[in-house]
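By letter and in written order, the chains are A, B and C; residue numbering begins at 1 in each of them.
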Amino acid sequence: MRMPEPDQAAIARRAEIALALRRILPAESVIEDGEARRAYESDGLTAYRQPPLVVALPSTTAEVAAVLRYCHENRLKVVPRGAGTSLSGGALPLADGVLLGMAKFNRVLDVDIANRAAVVQPGVTNLAISQAVAPAGFYYAPDPSSQIACTIGGNVAENSGGVHCLKYGMTGNNLLGLEMVLINGEVVRLGGRHLDAGGYDLMGVVTGSEGLLGVVTEVTVRILRRPSTQRALLLGFASCEDAGECVAKVIAAGIIPAGMEMMDKPAIHAAEDFVAAGYPRDAEALLIVELDGPVVEVDELIARVEQIAKACGSTSERVSRDEAERQRFWAGRKAAFPAVGRISPDYYCMDGTIPRRRLPEVLAKMQAMSRACGLRVANVFHAGDGNLHPLILYDANKPGELETAEAFGADILRLCVAVGGVLTGEHGVGVEKRDLMGEMFNETDLAQQERLKCAFDSEGLLNPGKMFPVLHRCAELGRMHVSAGKLPFPELPRF
Amino acid sequence: MLTPLEPATAEELAAAVAAAEGPLELRGHGSKRDFGRPVQASQLLDLSRLSGVTLYEPDELVLSAGAGTPVAEIERLLTANGQILAFEPPDLGPLFGQEAGRGTLGGMIACNLAGPRRIKAGALRDYLLGATAVNGRGEIFKTGGRVMKNVTGYDLCKLLAGSFGTLAAIASATLKVLPAPEAVRTLMVRGLGDPAAMLLMSRAMVSAEDVSGAAHLPEAAARCLPHADVGTAVTLLRLEGTPRSVAQRLAMLAKELESPSEELGEIESTVLWRGLRNLLPFRGDHGAAIWRLSVPPTAGADVLRACGPVERCFYDWGGGLIWLTTAAEGDAGAARIRAALSASGGHATLVRAPIAIRASAEVFQPQEPALAALTRRVKESFDPLGRFNPGRMYAGA
Amino acid sequence: MQTNFTLAQLADADTAQSEKILRTCVHCGFCTATCPTYLLTGDELDGPRGRIYLIKDMLEGGRAASATVAKHIDRCLSCLACMTTCPSGVHYMHLVDHARKHIAQTFRRPVGDRFLRKLLAVLLPRPALFRGALRLARLARPFARSMPGRLGAMTRLAPAALPASSPVDRPQVFPAEGARQKRVALLSGCVQTVLRPGINEATIRLLNRHGVEVVVAAGAGCCGALTHHLGEEAPALASAKRNIGAWWREIEGQGLDAIVINASGCGTMVKDYGFLLREDRDWAVKAAKVAGLAKDITEILDEIGLRPTSSDGPRRVAYHSACSMQHGQRLDALPRRLIASAGFELCEIPEGHLCCGSAGSYSILEPGFAGQLKTRKLANIARAKAEVMVAGNIGCLEHLAGGLDLPMIHTAELLDWATGGPKPAALTSAAG
């Protein structure tokens, strides 16, 4: 995976740039020292590292606008960063780019229960939003596994999902409004506390735009009343086929659980070693099904799901008896990714989506690939919506293993697309899957997306090198016509 | 006007657009052709032949169809399988003097309308998983896919929804579908003034009873309901789910609300909410101008009062959606209605009015300069030559 | 994470240990969620993940510590909230301890800083010297404003009234009341004996009443945490050995069932003695044994079973869970359970996982951050709407004292009173 060649002229001007930024921000908020910059060189995808040109830590919308205006005027690249927990390299810095850290924007501004809305700054963590509205019996539904640390601004950039998005949707389905700063420093407000935003759904396209269209400085989210009951079932199966069949039958029965997760044996063991939730160690596949809503409905549905599971050959069934137990059922699943860090020095977390019914076939093919390349793989799967998280275990200190892991990962994603799925369900394209975009989109598809980018950022200064495999200049895109699959402007960089 | 273009495949659509010499008016069945600013087109692009359901997998909750497929056909197919379009798309045809039951998938997407269940289930844009469309250059592009969890590339589907045919001509689309609720009941409270109704609906929405419809019909609008007394307003709350669950929640909600209430049964409820979805209170009123306001729910009554005199009106989305009618003269009340939004925020859309008014008054909420400029640039990125419904949403876009 | 150490570097025991720790970090960033300094600055370098990265970079490079590293490591409270949050089991405490040692050895601090640290390292662990210094400080108070920066701040921190030293802190045996269930040693500590000797008095009464014979071992003194956290490894290990020696005599003499510690900061240190002396051929075994015997006062009481009596007075208790208690020793539910079993109503303090800013000598060395965290903690305690606040650590009590119109006492003092002992002075002077 190659990043764009850094602009040496920009790097040569580092001191001058830092000085200019210190006229906008307090001195402490501009980080220039090499050792300090290196600590920012990666996000959650540690395979790729690049220390930024300079780190800027603004704390107001006005400061963000001023910083972006300065960068725009001086043709400097900008990489926005929340908590830096991205698993796709979305917050990977550029050696010639300003890293714009948004972690100082950590205040909850308003909780408006009557309108079921909360207005927060983008650096507020996902979980902190739920905590802020908890006293009123409310919560913020999308719950990515990193919710303790990931920021809502980052969630917007990646359109993060989580276990409960099966029933409650992803970030984009739970946003009411955004304030965003464009690369030229203009501030736009999209939506608000009203339900329909009006005009083009710019908020919809900015969600999941991975920091390429603008920098979000305020977020209005939809909050929901906590369901009166939440209960979870822990279902063990002797095979992934059986578990997959159970999932299909539950949906076919007209039941949409709040969450439906599957883990395979290696994942079960890793998680169980970390939090003793009582996962059945002998099961080949584990289904964690959560049902929420009014008590009488949940009780009814739990019974129905248990019945369906038994009909599909479940080997064990446990229902949570209280809230503490329900949390314990989930704790292992939610910490599954880093818990795998206990059984392997490094892991590579993949993220693809497939039509649910193709899961057994995909798992079987992955096992074959695993045997062929000699790297273990543990699987965590959002069974309800087909989003798959294979965790490829490797050791970066062993030469060649990182490359093998990446190749294995790419093959998995190609397989996902081949069976009718997509490259990424919730982690984003970032740098990780950038070079695979061609598996899903042809040149015309990509050109249309890049033209949209030009409407927001014609100089291509926001997060370049992410998401798209070819850097087109906007003027070129305007005149570009792809004919017979041949790409014009062959001299433009392709990674 | 030149002869209409009637492509039957995405390739024919692309060719037609590429070869077009002037602006095109995009049309499915034309049920909402009068929704938006008037379009000066030299040719009609008729998409109705791009019809037919191409994929339907109930246990994967997914359906794909050509953009010209009648919505009625899709809904019939879903009903037969115990499933629904959860966002309850309104049938606006009759409002515009057309037959009921018309309207295509493409048109439904282009208008991004949603019915009462939006407060719980979301709008159409939350159910559009993927699309194949043709941009203003005559190029076919696809976006999204057939799975729910998809963040690969920009979510252009969100842009297409509610773009009123100004960005691209949709050839086919993939929707997420959901199981139909097993049972439905309605709690009806009579005689509340608008402010009291806002409070009641807010309390219902904030409760744990999982309300999936909250509407308030002031006295004049309430006359359209068969069981309403003349002279009283009616506030309606819908509950859906398994039969026992609905029964219990209804009882709990009635107790929580502390206002005397009545229960409407399954059939009555189904008919009622379908009627509200299709703007029953405005049935028969063919002359008036119709406005649709989206506001923070608790501000509904205040905004309506600030609008000044209106002919008929009712609230949906717990107060967050106001439908109202004004006399179809002058600016149809545009100035004062938009001024009424200044305190609360939100937007107002002139859904129906004579062509002359739609040409002069802004149909869609005017935008701040930075946003307006961005909107124009986004339009240009899809349709640089202004082929598609030019001026349908904003002058010059 | 991938690491790049040479074999030569890994020959050093400390480096080898730190390399193992670094490999367990997957850079997921969960730790930033609960780090108090990251919360205050939003700067990755003031969070555990960034600090881990700085330490890794420094050790791999075989470099002397730079001002940047020293600044951000100095700002670390060692509250260990990150360890509680980390899903991968990164032993941050041992890593940052190594870094502090490396900084102390290789970084040339500004002279004022060096002087202050030396002063703290010499004074605080020695009760007699500390007491003398505090008396001097009391006299110097009127001139505090004209004294340089932190020295002036420290002078103002000196309490107006110093309690007299308590006879219980001299080596002796306190027999159990009634049948003897256990025999334990009590770590008297250092600053605690000067600032709040009542805590040890209450602890001994409490234990005696429950059938526990308590010995204050001759030769035992400061646990070494203060110097250890300043990166001064030699005096820290010397303190540890002295304590281990003192308790070993008791172990080989009349025997010990446990070594009871009533300051959670010290408890964390003593429980780590086994690790700290793991490479020392002469002391490793004894250190491990001693570490295994170390128990917080609440742990011992939980084992024995509390015998509460009824009493009048405040019932609503806000339990301040000190970092060294909840994160360092992983004791959170147990003390709360104990307090509840004595008939008190526990009031939840919001953001209970966040450090109060005391962190040993941190409140003196990093007054800015310590002050911000103190303000935040006091506001949270106020929200609990309790009648009394209890904590199991002297540092927190001293740091927060006087910040609210609320009595703040030690858990042992509360439980002593609840089982028949005298009502703590702070409670009698409070209204109601």
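Here, a contact is a pair of C-beta atoms (placed from the backbone, for glycine too) under 8 Å apart; a residue touches a chain by one contact, two chains touch by 3 or more.
Worth saying up front: this structure is predicted, and the values here are computed from it rather than measured.
Asks: If you connect every pair of chains that touch, what shape comes out? Choose line, ring, star, complete or other.
Replies: Per interface graph, the chains form a line.
Asks: Please indicate the chain closest to the centre of the assembly, with centres calculated from CA atoms only.
Replies: Centre-most chain by C-alpha means: A.
Asks: With centres defined as the mean C-alpha position, give me the chain A-chain C separation in Å.
Replies: 39
Asks: Centroid of chain B to centroid of chain C, CA atoms only: how many Å?
Replies: 62
Asks: I'd like to verify one number: the distance from the centre of chain A to the centre of chain B, where each centre is the average of its C-alpha atoms, in whole angstrom.
Replies: A distance of 30 Å separates the two centres.
Asks: How about chain A: which of its residues touch chain B in the complex?
Replies: 112-117, 137, 158-159, 161, 165-166, 169-170, 172-173, 182, 186-190, 192-205, 207-209, 225-228, 248-249, 251-252, 254-256, 293-294, 296-297, 300-301, 353-357, 382, 385-387, 420-429, 433, 437, 440-441, 444-449, 451-456, 467, 478, 481-482
Asks: Chain A touches which residues of chain C in the complex?
Replies: 1-3, 23-34, 38-39, 41-45, 49-50, 53-54, 57-58, 66, 68-69, 72, 85-89
Asks: Flag every residue of chain A that touches chain C in the complex, lowest number first.
Replies: 28, 31, 33, 35-36, 38-40, 42-44, 46, 57, 59, 83-85, 101-106, 123, 125, 127, 146, 148-150, 274, 335, 337-339, 341-342, 345-347, 396-397, 402
Asks: Which of the residues in chain B come into contact with chain A in the complex?
Replies: Per the stated touch rule, the residues are 57-62, 82, 112, 114, 118-119, 122-123, 125-126, 135, 137, 139-143, 145-159, 161-163, 167, 178-180, 182, 202, 205-210, 241-242, 244-245, 248-249, 252, 294-298, 317, 320-321, 344-347, 349, 364-365, 367-368, 370-371, 374-375, 377-382, 384, 393.
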